[in-house]
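One chain, subunit A, links the two complexes that follow: it is found with subunit B in the first and with subunit C in the second.
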Partner chain A sequence: MFSLHPSWTHLLTPEIALLCFSIIFLVIAGLKGDKNLRKGSLYLSLLCLLFTLFFVIQLFVSLPDKEHISVISTSAGNASLLIDKYSLLFKMLVILGGFFSLLVSQKELDEENAWTGEYFALILFSILGMMVMASGADLLTLWVGLETMALSIYVLAAYLRRKESSVEGALKYFILGALSSGMYLYGVSFIYGATSSIHLKVLRAQLGMMITRGGIENIPFPLAFGLVLLVVSLLFKIAIVPFHFWTPDAYEGATTPVTAFMSVAPKAAGFAMLGRIFFVGLIPLYDILIPLLMLTALLTMVWGNIAAMLQSNAKRMLAYSSIAHAGYMLSGVIAALKAKTDEGITAVLFYLFVYIFMNVGAFSVIIALKGNGEEGDRMEDFTGLFKRKPYLAIFMTFFLLSLGGIPPFAGFLGKFFIFMSLVHSELYLLAAVLAITSVISIYYYYRIVCNMFLKEGVEKPQIREGFLLKSALIIMTVVNLFLILFTNRIFSIMEKGSIF
Partner chain B sequence: MIVFVVLVSVLIVFFSIMVVSLKHPISSAVSLLIAFLLLAIFYLLYGAEFVAAVQVLIYAGGIMVLYLMGVMFTDSEWIKITRQTHLQAWLALFLVLVFFGYFGHKLYHSQYPAPAVKRTEISIAKKSETEKKLPYLQRETNPRSVSVALFKDYIYPFEIASVLLTVAVVGGVFLAKKEV
Partner chain C sequence: MAISYIGVGFLLIIGLLMVPVTMILGKFFRPSKFEISKLEPYECGIEVKDSPKGRISVHFYIVAVVFLIFDVETVFLFPWAVAFDKLGLFGFIEVGIFLLLLIVAYIYAYFKGALRWEE
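This part shows the complex of A and B:
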């Protein structure tokens, strides 16, 4: 029977609040251009995200562990929206990613003279979409959340409309994204045809029944076809290798804070959705899913790192490195699928948390280098940075070493937990490839470090960061350096994000 | 009935191909209109008269007007000089035929399993007092099941869809604006 949870307003506070906040920015977008008002909207948007984060944390603390609360149930009694610690943790990650991307946007918006209210509204709307993705429990809710996120990001990717590369990257992203959405819907229509339900729980029950009756071969072809399309479109959204072609162009063309946002928040939301679909809906199929995902994860780790070595543009390089990082995270998901424990999921959550700080950090150094008509994202722009701005070079070194997974830094811990979960679920091949490709990745991260410290750069004008960018850089450096001291505490929080 | 279904399906596919292969935008738009109307007939054949009505009203009525307005505002001179295909077209056509041949064959010869859940998704579990008094409300009608699905079962995605549309409008206006 159809029912709403009695305290649904309480459970949906973060979403409702965020929706109201984003509408404020639409109003600001319509006001005539007073520059101070527009700059004030940056602080306002940061405040809004902090409020939303506060609501999510409040819910997280008040919710019992390992309980999946169904906010809306359909007439047939299936949950279509779940609030649990898993979804709340992913919501926190998404909001944090959005918060730090906004924190570093001031300088870029000044340089491009592109202050608009729409920028903030679209970022907030896309975060709302990601929050829906994190807690949806049927394929329709998940899709609507996904599209809300994706549409906002297509527009954000084309934010600098006068720049050709920006429009090109955004158009590629849009066309391929529309294709993958079409694949998702086409797949779901087959799944609905075969199971007459779009609820993940029902799908799991029916798959389980079919497999116990007659094994994998008992799954009818239409259902299998739909499932393949569904999985492919999910892998597309998190840029796993055979489906990654949009990533470098979209990342390079977009304005750098948007690139930072695109590389952390949608990835977290994509993994939330992937985890929900795999562990609630498709878990009976683990026999077929594991080798399939293993192949893509191996390809992703290897090709992401090799292609990153060949790049001469720092943003493109970070785009390929983000593909490689998605491969590491996918390995964590595979570990959880194989062992059927939460260990892999915890590792992925931890990795995503750390990834926000190291990746947005690296992008914010690129933002700091921009100025005087230069993009600041070519490899040459880093030469002699140590002489010009010593602390910026040192910060960048920290972020890159963290991305490469060198021990005292936060990135090492992320990789370590994923490695351990792989070893515990006896996926030694993936563990070995993860370790080897991490070593390869150090080569291209080190190239930038080399440029910054060892080479003499030409004389260049002074670099000016704003107050916000400076504080963001300091926060992210501190987190990267000292996270290791709080590993236990953060790990125990992430452990609560249980899906089983 | 099956004859009609096949006929309508073939016509829909034909006019959809015409949409992308005709050169002049107005002819494409008219083919699209015909495809939309045929789709409405297709829905009618399967007894979904509400969806058919909505299809005619919204797609054939509303969206087509927008398309034609769009065509009216664009310059159609460049159409004469642009090619509609490129080198990969034949390879793509070949792959598409192989793909659809294989999967179409497999899908045609595979059986859909009997639905395990018997329309419970859209059936009404409990009837209220007003519903008992008014017999026509008890019938499982098309608009009724659609509205139960929209405003009860899938109320959350329905509400979020309004956000989605807002984003689409804001994004479209933003990208088409002259000044940043």
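This part shows the complex of A and C:
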């Protein structure tokens, strides 16, 4: 039936370790404990994620380049779970996203008085799901990972269950998420009916055969229908216009560390899954995929940035800006599809890496502003921040400039590599729109900067951050400022994430 | 290829026709006499106690979820037991992990008081 790789325990160390950790956290969550136990479990969960990251890095170093090792495969040799540098890089990104979101959550949990053990267990479980998404090589394994992630995040989105907006956003997210999961499964059932396999490699071979025999028209209708549903549900998960409607409400309603987590980690995992399905399974279809994805990417970049201009809530604005950023990253994927080289994938990986630091940074300033019964996420809450807390205002400016793509901040490099990959694959329209919409984005990022520095704010009580949030802010700022000095080194690491 | 699905199509049509056809046929054969007891929710003799719109403890929901844990367990254990010879050691370890995860979920539910009734 199935065969396991001889050293599967070694190859799956990070997953097994993380599973054990999250089980421990679930049992701790069941115990009756006071606040100190919960605070202890915050530090413990950070430690667990560092351990998992260490295992992933160890595997990454020991693995040869450009080799896809199948850990679980059928007797015919079709892999269900692949370990390669591509998946390991995405796993690192996901773990980093989870780590920083946990790092900034102490203050928020204090303010809301919402210390529960389930918070940590759910974040670890969702990271486990994302790791499976990065490694999966057949449509159902990918789906199992996707659902492990999504179910945990639905609960996390409704974490403040007494707050109306939180429940509303989570419910919208859940209903639309369940719909897209249903579409995915429905599409997979059609694909299975037409190709009698769920493995991406078989799908690729069959698609290639059909197209060489009679072109695109030779694909039977049920298979085409299934493929459309598959692609749509994937685009839904990474919030691409016109499948983005859940994003602003879910982001605004969720508690801010969870929003930070939702905006970086699932996005990375979604891109891992999308890349795997596109480049292993659907690559023979690039002729139709490219114009289709180009249209959605253009819409995403334009609409994400325009809608962000109209927001009066900083979290909502960052939600729309994260939609726009997903559009930038999708253009990188299109570049890789067109040129059939790893350059676009490398750019996407680099972008995701940078994106963790700038986006979680911006959200952590919002967390710092919360207090004394105020949410701290309206635009007015930023007025006069420079007078009250100079360094917080300066940090926020760095993050926003980085998000807008101003050199020498890290965000510029991310956009630069995507832009280069677009130019190299001769997608000039996408490159132009990327550049123009980045300029538009500067406008709404500067609204916050303008509020912080130029406007006089009313006298407000002192802001307290706490040790963990302070250290997180400092790490993000340092990375955003000085990443440019290590561009070569990080780029050469990301270059190893080859899918071809 | 489509011809091989013809059986499924027949099944679908027969399934769709089954309910209306039996209902219409029944109309011709059964006697129609009105009795007041026929309007009650259960015609089998149990008397109605109170309105179904009353509030029900949310605890039933949690008990149902706990029941689901065990129900899913048996659903997966049964095919495994039937195909035990073929699956071998791989299947045995997999089911072991599966049971372990369910037991953890059960322990969590137990500690959270899902099975306690007194408030």
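What we mean here is this: the second predicted complex is superposed on the first by the 498 of 500 C-alpha atoms of A that agree within 3 Å, B and C clash if a C-alpha of one lies under 4 Å from a C-alpha of the other, contacts with A are read in each partner's own complex, and residues count from 1 in each chain.
One rule holds for everything that comes next: contacts are C-beta pairs under 8 Å (C-beta built on N, C-alpha and C of every residue); 3 or more make two chains touch, one makes a residue touch a chain.
What you see is a predicted model, and the numbers here were worked out from it, not measured in a lab.
Novice: Does subunit B (first) or subunit C (second) touch A:92, or do both, or does neither?
Specialist: The answer is neither, since A:92 touches no partner chain.
Novice: Quick check on the superposed pair: does A:114 touch subunit B, subunit C, both, or neither? Answer first, second, both or neither.
Specialist: A:114 contacts subunit B only, not subunit C.
Novice: Per the contact definition in the header, classify A:2: touching subunit B only (first), subunit C only (second), both, or neither.
Specialist: Both partners, subunit B and subunit C.
Novice: Output check: A:356 vs subunit B and subunit C. Expected answer is one of first, second, both, neither. What do you get?
Specialist: After superposition on chain A, A:356 lies in contact with neither partner.
Novice: Touching A:197, do we find subunit B (first), subunit C (second), both, or neither?
Specialist: first
Novice: Please indicate which partner A:26 is in contact with in the superposed arrangement: first for subunit B, second for subunit C, both, or neither.
Specialist: both
Novice: Which partner chains sit in contact with A:225 here, subunit B, subunit C, both or neither? Use first/second/both/neither.
Specialist: Once the two structures are laid over each other on A, A:225 reaches subunit B alone.
Novice: Can A:141 be said to touch subunit B (first), subunit C (second), both, or neither?
Specialist: Once the two structures are laid over each other on A, A:141 reaches subunit B alone.
Novice: Can you list the residues of subunit A that touch subunit B in one structure and subunit C in the other?
Specialist: In subunit A, positions 1-2, 26, 29, 220 sit in both the subunit B and subunit C interfaces.
Novice: Using the touch rule from the top, collect the residues of subunit C that touch subunit A in their complex.
Specialist: Touching subunit A from subunit C are residues 1, 86-87, 90, 101, 104-105, 107-112.
Novice: Flag every residue of subunit A that touches subunit C in the complex, lowest number first.
Specialist: Where subunit A meets subunit C, its residues are 1-2, 4, 23, 26-27, 29-32, 220.
Novice: Name, in rising order, each residue of subunit B that touches subunit A in their complex.
Specialist: 103, 106-107, 110-113, 115-117, 119-126, 148, 152-157, 160-161, 163-164, 166-168, 170-171, 174-175, 180
Novice: Can you list the residues on subunit A that touch subunit B in the complex?
Specialist: For this pair, the touching residues of subunit A are 1-2, 19, 26, 29, 71-72, 74-76, 80-81, 112-114, 116, 118, 121-122, 125-126, 128-129, 132, 136, 140-141, 143-145, 147-148, 151-152, 154-155, 158, 161-162, 193-197, 202, 206, 209-210, 220-223, 225.
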